[in-house]
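The following pair of complexes shares a single chain, chain A, combined with chain B in the former and chain C in the latter.
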Partner chain A sequence: MATTVAPAPTRVPRQRPPGSRLKLRNTFIGWTFILPNFIGFAVLTLVPVVILFYMAFTSWNVFGSADWVGLENFRDLISDRTFHTALLNTGYYALLHIPLTLAVSLGLALLLNTKLRGVAFFRTVAFFPYITSIVAIAVVWNMLFSPESGPVNQFLMALGIDNPPGWTTSTTWAMPAVALVSTWRDMGYYMLLFLAGLQAIPGELYEAARVDGANKIQRFWNVTIPSLRPTTFFVTVMLTIGSFKVFDLILVMTDGGPGTATLVLSQYIYRKGFEEQQFGYASAVAIVLFLICITVTVVQFLVNKRRNR
Partner chain B sequence: MATLTLDRPTAATPRPERDARKRRSIIGTIVLYVVLIGAAAVIMLPFFWMVTSSLKTNNQVFTVPIQWFPDPVVWSNYVDIWAKSDMSTWLRNTLILSVAVTFLQVFTGSFAAYGFSKMRFPGRDVLFLAYIGTIAVPWQAYMIPQFILMSKFGLSNTLWAIIALQAFGAFGVFLMKQYYDSIPEELSEAARIDGLSEYSIWRRIVLPLSGPAVATLTLLTFVNTWNDYLGPLIYLRDRDLWTIQIGLKTFVSQYNAEYALIMTGSVLSVLPIAIIFMLGQRYFVQGIATAGLKG
Partner chain C sequence: MKRTIMMSAAAVAAATLVLAGCSSGTDNDSGGDGEVTGEVTITLAGWSLSTTPEFQILADAFHEQNPNITVEVLEYDATEYDTQMIADLAAGTAPDMYVQKNLKNFVTYQDGGQLLDVSSVAAELGDDVDGVEAYTVDDVTYAIPYRQDAWYLYYNKDLFDAAGVAHPDGSWTWDDYATAAEDLAAGLSAAGSDATGTYQHGWQSVVQGFANAQADGADLLSGEWEYLVPYYERAVALQDAGAQVDFGTLTTNSLTYQSQFGTQLAAMMPMGSWYVATLLAQQASGEADTFNWGFAPAPQLDDSTTEEPVTFADPTGIGINPAVDDDVAAAAMEFLTFVGSEEAASALAEIGITPAITNDVVTETFFGIEGVPTDELSQFTFANHDVRPENPVDVNTVVLQNILGDAHTAIMSGSVSPADGIAEAMDRAAAELG
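And then the complex of A and B:
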């Protein structure tokens, strides 16, 4: 019973005869459920993660052997200007992408959590960008963002903006452009998660709040938001990790450019690893990415746990 | 127990709904529709532009002011692209991969989730922590050791690499477990007392109850595999192994001024999945709303 997980405090411990054979049998059956997935998961995810930590301390490249170099790779990282740029760019992207997507997807979910006729159609529309391929949408948006005669800038000029941004051709605007496109693409998915959370809120809660005289806004803050906390937690974690590992959209839309204006950590790992074959050094960069994601997750988890008390 | 299993449907009990409708003014409804239609138009505009551009001549794609409707309608783009690219090979490879990965992910994911959610045994929580932990680990961080490992197995540059890569994700296990946790413990407990084995409880009680979650996972996995660009980029070198994403990207760099044809290729890469989504969408969104009804 020591293994009881935190989110199920109401669960009553099952009454079982304390026979150890039964326990053993139970363990065996439990493992058979998990094994089919776990074997693949262990070989292709867990083992590579462990190897990663070894590789980061070696000078492994495509020709040489994996010589242990200790912290040399990390020392090199500290003075690597391109790495600094990639790190800052990734943070900048996350700063743009997370709040924007969180707000838009929750807003859409609240808007679409009605029984209005045709609401299913609007949900489909909002979700549609998420199911389309990165390559296709990157190509389309690149054309839409085209500085001279692209539709976006034509629209802005029609609004009276004489010098519309150069978007993906401008070092200042390339990152906002990418963040906008990724928000547009992701919002439908997170909206669906929020919708599922909203619909799981028991109607009795609202009814009770209404009986107590709570108005619409009070019901939102005192029923909807607290009930949504597990969903919001899940969405925020996924969104944060998603932001820090942003890769393919940037690879296709800007390829890190112009210059290094949109070069992000993932792409730097890819360049060092697959293009320059410096497996050891690339792994050191990968560890930085790993540490960022783990830290963010742990912090969010702790905050959420404390708030639940 | 009845209230537990029916918590979702009661969210839409008719009484408060009727009251609310009475109170909601017609103006409010109209405003909401206008907002929704406006938002929908903005969201769909890039797709509208993609489709219309694919039906234009190349010179008409970028015009000032924007030409919203193609004139004349150039259907020939949709004929030319098959001759100019290996579109059929790309589509076939992508389909094979998506189906195989989805089947494996849904089966092993929902099976493992049962072990994590409904069973108690030593080591379970440590294992689950390993799964949770790696959800937080970006694939980009361990793609290099994974590639080296996969090459050692001789899987690099085969379709098997992508299947192995995508089919055993932690996300599926996590998603299914989240859902299983919401299924009342009493249900499986009652079945256990009735003498059902754990496998039967999974197959006959928990799995049928989790239709919406299975649908969600199926859809997301299929879509993710179809849209995956990085896996194929790293693992698939041979032209005849390419998926639609790699193919399209290469096509774009090869014919970078053929705007109309590029849009045609984009439409073709999106179209199959759009059709699948439209067909499955009713079950997908409704499924979330009516979860637990069968209980």
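And then the complex of A and C:
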């Protein structure tokens, strides 16, 4: 394994240049630092991912050997309407979830970056949903969204809305409902990232802007937003990947329903793989998901790089 | 450095692939017809052991007859049972015998070569064992059923009396059932009760299982599902009329059928025969109210089948892992012979389970349990029914059931009309089946 590092000392054992022993030692120490993590990563993530790429070109039902089928799985995907639905639903979810979470968490961060009384308490409260069990969240929100007896609709009816949406029991409203809950859940985490970003902005910039006569809104657009760009970039990338691979919340909240209204790609992978035992096909869907994630991330990197110039 | 990491990664990946290749495909055929000599311990997979005593009861009763063979029950998760079992079988760490929890995944095991041929055991079984055909593929039997549930109509006699509605008489069609549900709803609200006329749980089986078993020319595998439409129209109409809790309330509030019927929130409920044991246990523990109840045959499509009412449910059977040694296989075969016997059936009937054999002896044992309704209709229901498997044994079953599951939630939530929902499901099925 370590052949590219080892040869130098073995070939010339006597005329070892001064310091090479130390260098080897350092390299070795470096390896031991990353090795535990790397072994875990390799065994539990890297190898399965490599195997996945192979599986996608086979037909395998768990037992026996996987038969090579070439591109057949991908050809089937093109005409698979349920896959198209899942793909569109995933995009729809991302479209709702990313901007909403970005706005809400930035808003919260701005609010909680001021010198409020009890600001530490509110920061903690905003973080609570993130550390709450997802199953508990799903059960409670489902009750809140209950069309007849749920507090959300009772509140809406009290406001004078006669036909409040059916939320998780309606094909139209199920996805917005899920996106809303997941925004509520994620906002605390991203708020924390934004808060860190906000606190890293030097006060001199605001001072200078104020001296130049910039009002609050101008200071926000011309100082805060540009200074936050590294944070915003990181948050957007994380949010995008998180949105595309959404699984747990949807599984426990709607199980993809009603009908296929909230069926997303990860759930479709799970269904095809672990329920219908079509592991090859499920792997093919997983590769599509992987390609989408990596494309979007690369595009975001490129856009960010251009802006940095 | 970077290159080294890549190379190491590749090496690890290659090594794993090689290892993965070696571990599979070492199945050797074990005969298992020999006599069992000496002490043998065989393992059996079960789930939720504390609330599902049937596995231990079979193991204990068998051990009493065969003191040299001990059956050890291993616990699996109830909801992820098949996923865990498939993983264990693929990894070669599965128990010697495992239960076929439903027929949906039977084909995965059978087609995957994960079940030993137990035809020799099946050949010796009595004619009155239900459900053996379900486990027989091309004249080879792969599992022995010990339990054959059936769906009944449970009803609360007290609530019927309060609403002034006549009790089921064993001749009900689905239209009679719907009329009764609406009468009950009206009568109960007039009597100042909050209870609904009936309760249909959120599972697709509650509607589709009956339709697949009863409707003319019904065939789940055909992908032609127009026969489901009238069943859905009836269910949706009952929901709209307020005679049963609507699907949205049911899913968003995670209602359980045990509490709906057990705490008298519904006067009727179509449910599987396993609920008899549950209700008795919950009444004993105080989780459920104490009230007069009974069970009637499932409502029929028309009155031509009331002599032997058509209902549905999958059998539950036990199969043998083909990776076991000869002596273990022989012991397991003996256990399976016992599982299909009247002694085993009686032992199971004692705790309220519906065994695969329902002859007079077993029926008598079942109705000897304290608290079981002993009226004539309940006895008739237990002993007489034509129970069809819910899941046909086919590689496409799971795929089609998933499509129908989506249709179920779409229709019951009122998002689409029954006709449109089924039409959409048929389109999807046609596309999937190619």
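Keep in mind that, in the parts below, the second predicted complex is superposed on the first by the 271 of 309 C-alpha atoms of A that agree within 3 Å, B and C clash if a C-alpha of one lies under 4 Å from a C-alpha of the other, contacts with A are read in each partner's own complex, and residues count from 1 in each chain.
The working rule: a contact is a pair of C-beta atoms (placed from the backbone, for glycine too) under 8 Å apart; a residue touches a chain by one contact, two chains touch by 3 or more.
Source: prediction; values computed, not measured.
Visitor: Looking at A:Y206, would you say it contacts chain B, chain C, both, or neither? Reply first, second, both or neither.
Guide: It touches chain B, and chain C stays clear.
Visitor: For A:G70, is the partner it touches chain B (first), chain C (second), both, or none of the two (neither)?
Guide: So A:G70 meets neither chain B nor chain C here.
Visitor: With both structures superposed, pick whichever of chain B and chain C touches the larger number of chain A residues.
Guide: Counting residues of chain A touched by each partner, the higher count goes to B.
Visitor: Who does A:G257 touch here: chain B (first), chain C (second), both, or neither?
Guide: In the superposition, A:G257 contacts chain C only.
Visitor: Given the touch rule stated above, what does A:N61 touch, chain B (first), chain C (second), both, or neither?
Guide: second
Visitor: Touch check for A:T297: first (chain B), second (chain C), both, or neither?
Guide: After superposition on chain A, A:T297 lies in contact with chain B alone.
Visitor: Kindly classify A:F274 by the partners it touches after superposition: chain B alone (first), chain C alone (second), both, or neither?
Guide: A:F274 sits against chain B and chain C alike.
Visitor: Touching A:T168, do we find chain B (first), chain C (second), both, or neither?
Guide: Second partner only, chain C.
Visitor: Quick one: is A:I134 in contact with chain B, with chain C, with both, or with neither? Answer first, second, both or neither.
Guide: first
Visitor: Tell me which partner A:G160 touches in the superposition: chain B (first), chain C (second), both or neither.
Guide: Neither chain B nor chain C is touched by A:G160.
Visitor: Which positions of chain A sit in both the chain B and the chain C interface?
Guide: Shared contact residues on chain A: 1, 4-5, 38, 43, 46-47, 51, 139, 143, 146, 148-150, 274.
Visitor: So in the complex, which bits of chain A are touching chain B?
Guide: Residues in contact with chain B: 1, 3-5, 7-8, 11, 14, 23, 26-27, 29-41, 43-49, 51-52, 55, 108, 111-112, 114-116, 120-137, 139-141, 143-144, 146, 148-151, 154, 184, 192, 195-196, 199-204, 206-207, 210, 234, 237, 241, 244-245, 247-248, 251-252, 265-266, 269-270, 273-274, 279, 282-283, 286-287, 289-290, 293-294, 296-297.
Visitor: Looking at the complex, which residues from chain A come into contact with chain C?
Guide: 1-2, 4-5, 38, 42-43, 46-47, 50-51, 54, 61-65, 79-82, 139, 142-143, 145-150, 166-171, 255-261, 263, 271, 274-277
Visitor: Within the complex, which stretch of chain C touches chain A?
Guide: So the residues of chain C touching chain A come out as 3-5, 7-9, 11-13, 16-17, 20, 24-25, 83, 86, 89-90, 108, 111-114, 246-249, 251-254, 398-399, 402-403, 406-407, 409-410, 412-416, 421, 424, 427-428, 431-432.
Visitor: How about chain B: which of its residues touch chain A in the complex?
Guide: Interface residues on the chain B side: 7-8, 10-13, 16-17, 29, 32-33, 35-36, 39-40, 43-44, 46-47, 49-50, 53, 61-66, 104, 107-109, 111-112, 114-116, 119-125, 127-128, 130-131, 133-150, 164-165, 167-170, 172-173, 178, 181-182, 185, 189, 198-199, 202, 219, 223, 226-227, 229-230, 234, 244-245, 248-249, 252, 259, 262-263, 266-267, 269-270, 273-274, 277-278, 281-282, 285-286, 288-289.
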